[in-house]
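So, here's a batch of structures to check.
Paired with subunit B in one complex and with subunit C in the other, subunit A is shared by the two complexes that follow.
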Partner chain A sequence: MTSSSSSSNYYFVIVGHADQVVYEIELGGTTGQIAPTTDNRHLNQFIAHAALDLVDEAMWRNSTTYLKQVDKFNEWIVSAYVTAGGLRFLFLYEHLPRTGEDGLKNFLTEIYETYVKLLLNPFYIPDKPIRSGAFDKKIQTIARKWIL
Partner chain B sequence: MAQTKKSVSEFIQDAFCPMVAVLCSYDAESICRKNNLTFAELIQPFCRLPTEVSYRDPSNNLITLKNLRLEIKDFNSLPPQNTLAKKLLNDSVSSALNNGIVNNEHEISTEQYELRIRNTTPWFDAWRDCFLRISYNGDHEYLKNYLACIMVVSTSHLDPMDAFAKLVQQQNLQQQQSPAKLPKWFMTNIYKYFVLLHDVTEGEESKAVSVFGDLKQQYGAGNCHLLQINSKRAGQTSGDTDAATNMPDPWRLYVKQSSSTTQQQQESQSISRKESSMSDSLSNLTELIDQELNITTSISHPLSSFDTSSSDLTSIGTTDEGYDGSSITSASTIIHGACLTLSDHDRIHVFMNEFVTKGLLLWVETNLKTFNEQITSRRGLTKFFSMPKKLFGSSTTTAKNVPSTSSTNLTNDSMEIRRAGDLAFLFQNYEFAYNNYYAAKRDLSRDQAPTFYAGVLEMCCLSNFMQESSASKTYPAQYMDEAIDIYSLACRLPIFATRCVLMSTEILKSKEAYDQAVQQFLKLSQEDSDLRGALFLEQASHCFLNYRPPYIRKYAFYMVIAGHRYLKAGQRLHALRCYTDVLSIYEKPNWSLALDHINFTLGKQSASLNHSNDAIRSFNALFAPNNRIQNAQQQINFFKEYLTVFNQLTNSQTNLPELPVPVIDNSTIKILLAGQQQPQIGTQVSNCNDFDFDETRKVWSDLERTITAHDRRASGTRTQINLFTSRTHNQQHPIAVANETIRVEFYVRNILQVPLLLSEVQILWKHSSNSWKRKSSVSAENVEDSKEFTNDTLTKQSDEPVECDTLTDCVVFPNDTLKIELSLRPRRPGYLTILGICYRLNILVQNISDQTTWPYGIKGKTLFHVKGTRLNSNHKERLNVMYGVDKRLELQVIPEAPLLQIEYSPMPTAIFIYFFNRHSMATTTAVEDCSSLTVTTTETDQSVQPHSPTLVLELHRPTETGPRVRWSEETIDNEFMNKKKSKCCCIFTKPHDPQSNEDKTTEVDEYNNCEHCRYHTESDYAAKPEERQPKVKIIVGKLQ
Partner chain C sequence: MQSSSARMRSTTLDRSLQKTKGDVNLTTFALLFSEMVQYSQNRVDNIQDLQNKLADFGKHVGVRILDLFFLRNGKDKREVRLTPMLIFIQKTFWKFLFNREADHLEQHAQEANVYYIIERECLVNKFISVPKDKGNLNYASFVAGIIEGILCTSGFTCKVHTHQAPRGTTHVITFAQSVMDRESRLDAK
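Up next, the complex of A and B:
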């Protein structure tokens, strides 16, 4: 459980209704590209998956969609955003991005907007994995704007 | 959820019980030896008092002790050394896994998950018991100090009184020696009890009585006891030994524990592990036998046997004859208490009872009283001193001033209070204990004596919990948290922190405060010991399941970490158990990184434990086709491990193992019968690699339909189809001819990020000759042929009925598909099934050094799975997903047959039916004359272009005479109808060019355009039409 990943690495995942991964991306570095692959990428998934329990609980306690920090494992912190449809966005980080808590909130909100646009696509079936390249790019631009 | 059999208060009570030392003279010890026991061991089974005893506390209330247990240890016994202690703990955990396979699971199901969880975790209980047994006492507490010492001298001693005096002296010396031996003594003036051991069979009764009289005089009647044992000689008649085997043997459990510890302690340096495991197995055996005996004599508790009369025992003895075998084996092992009769047992029992009631409890009572007086007097003093504190200001400022003058003094006072508290706690006077602890806690601040403070906090909590009656006081959980923090962080005493956690989590669980329990477990899970970390993490994860609603995903995560720690601690089986328990939770789509991690670890570990099937299943899951996000480096790592594991595991197998990669696209499998003898590339038109069957499918099926419609009259024969794909009708077995090539074509897909290297690719087949009958042969002949052959083995066989061509090397690039074409030739008639392919698999990496680590790759197979078209004919078939049969891989091989090969050179671009007619006529006659005749008519025309295509027609020997290809009825032969004819063999239309404006003449002379015609030379015009036909090469004959 060593942390070889640098502090500027982030992991974002959208979790569907049956706890399946709908979309995941590793963000990191200053360029906003996909983070260089490390040996313990699986740890991101483990932590995010474990945080789901707390997200499910926090979601009923808060009236807002953005749940702030929900879980913490060692130095990794998990923030969450729950959509109106019950989809869960999880964001994993070691240090808050430069824009702070507000930036994170804006980031997640904008991703939600992008996701809603994706839903309008009749060829996309909800809860199925998102494989759209355009969506990838859009997320990366949003990430560059708010996080990196 | 981890549950223990004991209730929480019982557990705490058992964890802290009064300790008593036993000091024996040599002669007393030798008397006990007859029973293969030491004196301490002898009385150990009797140290739990079955009856209630009571004493009075300082305020003269009657305290009733239920179920009091004393811990009796030999005077000279030492707590185990560090390394040995670690080994003991490890062993307790690893051995407990096998005990826990009782059907004790319960189900937890939520919307998304359904789990089966074990109710108990026996390995944790075993570890905890072992830990509490071997943990020693700290300097700051008196819980595990000897309260009393039992001096034992036998009547066989020449001067028993002198011996007693010597023993007392020895005890005093030991107590005063400066680096105090562990465990220590409770206080200077401990309780001493004197036992005169009398061997009934050897000693004289009168001497015993007289000595006992002296003893009573010197040490007081209450402090002495005359214990008579060995009422029976060791080597008595056989009838008695039978009875002896039926005697309850309550020692086994105790002796096993203690002997294994002492034994190992002595042998740990010199003796190899083997012997200790031998002794372990021996003790296991004895335990097993013991259990069996217990069942037959229906004794649940050793002490309950005293109620049963001797007549009962004999009656049991008669029913016992069926267990002769077990009694023999038990006789061969060490028998404990061979010289003891039931009445001896009874005497020991009485002795213990007297020791507690008449001696120990009185001592406790007086001591508690004196402690109480001392404390109250001091309290008055300190109150007097502390008056100014209250006057002058806050306690924090005074705390800074006071310690410099009176810290040592204060600590001594507090130590006394603590001592009083501990004594009260041990003898279940929890209220008094709590008051003392609380007072001690108030006396000291955290900074002065952190260890002491933490100890007091811990005991505050425990005594508070144990006062069940006074529910008014809330359980101070925060005390325990603080104590754990101080122990682990400030004092660096992880042993006490661990004890704290064990106690407090039990209490919290009983109060259903699972989140706090989890917090405390996790606090210590990070610390040094991996085994403890793993156990605590596992317990924490079990606690997560008790949340409402259960935190299943947290449970899974912490089980994974626990598994990881188990691995580090070397407990592979436990690690495997952890990982497999939670595997299903991560099997939701796309958590593939996490799933891969688990599968990889599972595969690796089960391989090292030689669970080959599990290992291969885990690894195959690793390369499952839905797994796409793993990066190349990781996959190379997986693959390396896979290869090594595979080589190691499949050495013993006879069949080829099935490989997960590359994936065969089953819908693309094509079978072409009647392939070329020697496959040449690019010259045959009729070869499936030169045209795409699918594109030209329409044309071919039209042709086929025409032929079939025409061929109806030829009864008894069916049209031979040569190419079978997923689109053809494969309800019947394809018919192949022996010694003719069958070609198989398919696509493989590489789903990994690493290029794969396939070498020695071959078709995997199965050939059986039994079921096929030749029309002309007698059926009895087939007996010798009824053999199945297959090349699905690792060993090469000679005399194979099928000859395969091998593809030496091919590379499948990442995320790419590759077409593979293989051929095989059956040598004998029969049934041939094409099973799949076998190949040697390796990966292609740039790094040369990596390549050398597994130079050969692994040999394995991938099977074909074909299915027919989906059925759609009736209602049932429409509702369900059903597929038709597909027999394209099950070929029927008929004996060799003549083969006709017709080669045209040059190939005409258009052929009139007439030509065929003539050729078939000619060849038919030729075939009938002699089947092995080869007619080769070759006339090569050098003037034609060298790249002109060659048409090869292959005909099989017709079963009937007469031409196989005939004109249909409506065909009009226009040859001699005097039709208008052109002199040119080709009709030319000028290429249309819209750009050119020139409107030339539409009618051009034919002869002028003849330069566009290939065959049109000047000499042709001169020749007759018959001579203008293309040259034909005919080969007829039996090939090879």
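Up next, the complex of A and C:
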């Protein structure tokens, strides 16, 4: 069993209005790293879920969309981005990506744009899980551009 | 089967969100709307259901158009309080949709969670005449659906009804108790 990874792994999740997972993805990971165990995945989801209360608190006090750091769990830091439509993007990281806070903000803004393009599809029901391959690829491209 | 990953294909996710042409033609919209109304009319039995169907169409539009508006206009400050949000809808948003502002925004005298948005001449009703046997049918339920979509998705749960008043088309917005509680909590801090 691997100990908690010290690589530059990131976990990104989009949380819907009913606190359900709309989309989640793990990014990064150095070479030679054993594939993330299920323990890691559950831990990520647990941290994100625990941070939701704090995000809810912050989003009604603060009218900005990008809330920088809302929570910290051991060495995992949670950053949040709240969209106009009330959707919450959570980003978990241990160390800031190479492009820093600005890179992270740009990453989240581009994901927001991509999400809206998906939302404009009349066949996509808002708040339902996103299962599109094109969306996955696009997120990975954006991640490579901004944070990896 | 060879997938298309070998080709560079731009998906809908790559296209730009910015508006390329000018505003949509009013007659085109009226044609589309009349088709929507006829489609709904063939599938319902009474007036209330017809208004509900139109409101559903509106909700479909409302949840999407809010985010689109934020992206196109580069706005990044969300509205978190009730009154600024309603003012935002009345002025900025109405201008975005119909190129003019809604005429009045009022609060009910006795009940604090009921608000009215009044418009003298509703764009949607411009080319529509209501036959006598349909009584108080109002096609502006479509616009009510848009308002409800916007408010509900940004966290202000509510119900919106429309009726025709002497002053113009009136949308009655009734907010849920949770919204009023949150407002008073934020007021107190």
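As a working rule, the second predicted complex is superposed on the first by the 135 of 148 C-alpha atoms of A that agree within 3 Å, B and C clash if a C-alpha of one lies under 4 Å from a C-alpha of the other, contacts with A are read in each partner's own complex, and residues count from 1 in each chain.
Here, a residue touches a chain if its C-beta (ideal position, glycine included) is under 8 Å from a C-beta of that chain, and two chains touch if they have at least 3 such contacts.
Predicted model only: the values in this text are computed from it and were never measured.
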item	value
Combined model on subunit A: subunit C and subunit B, fit or clash	fit
Touching partner for A:60 - first (subunit B), second (subunit C), both, neither	second
Subunit B versus subunit C as contact partner of A:118, first or second or both or neither	second
Degrees between the directions from subunit A toward subunit B and toward subunit C, using C-alpha centres, nearest 10	100
Superposed model, subunit A: greater residue contact from subunit B or subunit C	C
Three-chain overlay, closest Cα atoms of subunit B and subunit C, distance in Å	8
Contacting residues of subunit B [partner subunit A, same complex]	112, 544, 551-554, 556-558, 560-561, 564, 586, 588-591, 593-594, 596-597, 629, 631, 633-634
Subunit A to subunit B touching residues, read off their complex	1, 18-22, 24, 37, 39, 41-42, 44-47, 49-54, 73, 129
For the subunit A and subunit C complex, residues of the former touching the latter	17, 59-66, 82-86, 112-122, 126, 134-135, 138
List of subunit C residues in touch with subunit A within their complex	11-15, 17, 60, 63-64, 66-71, 75-80, 153-155, 182, 186, 189
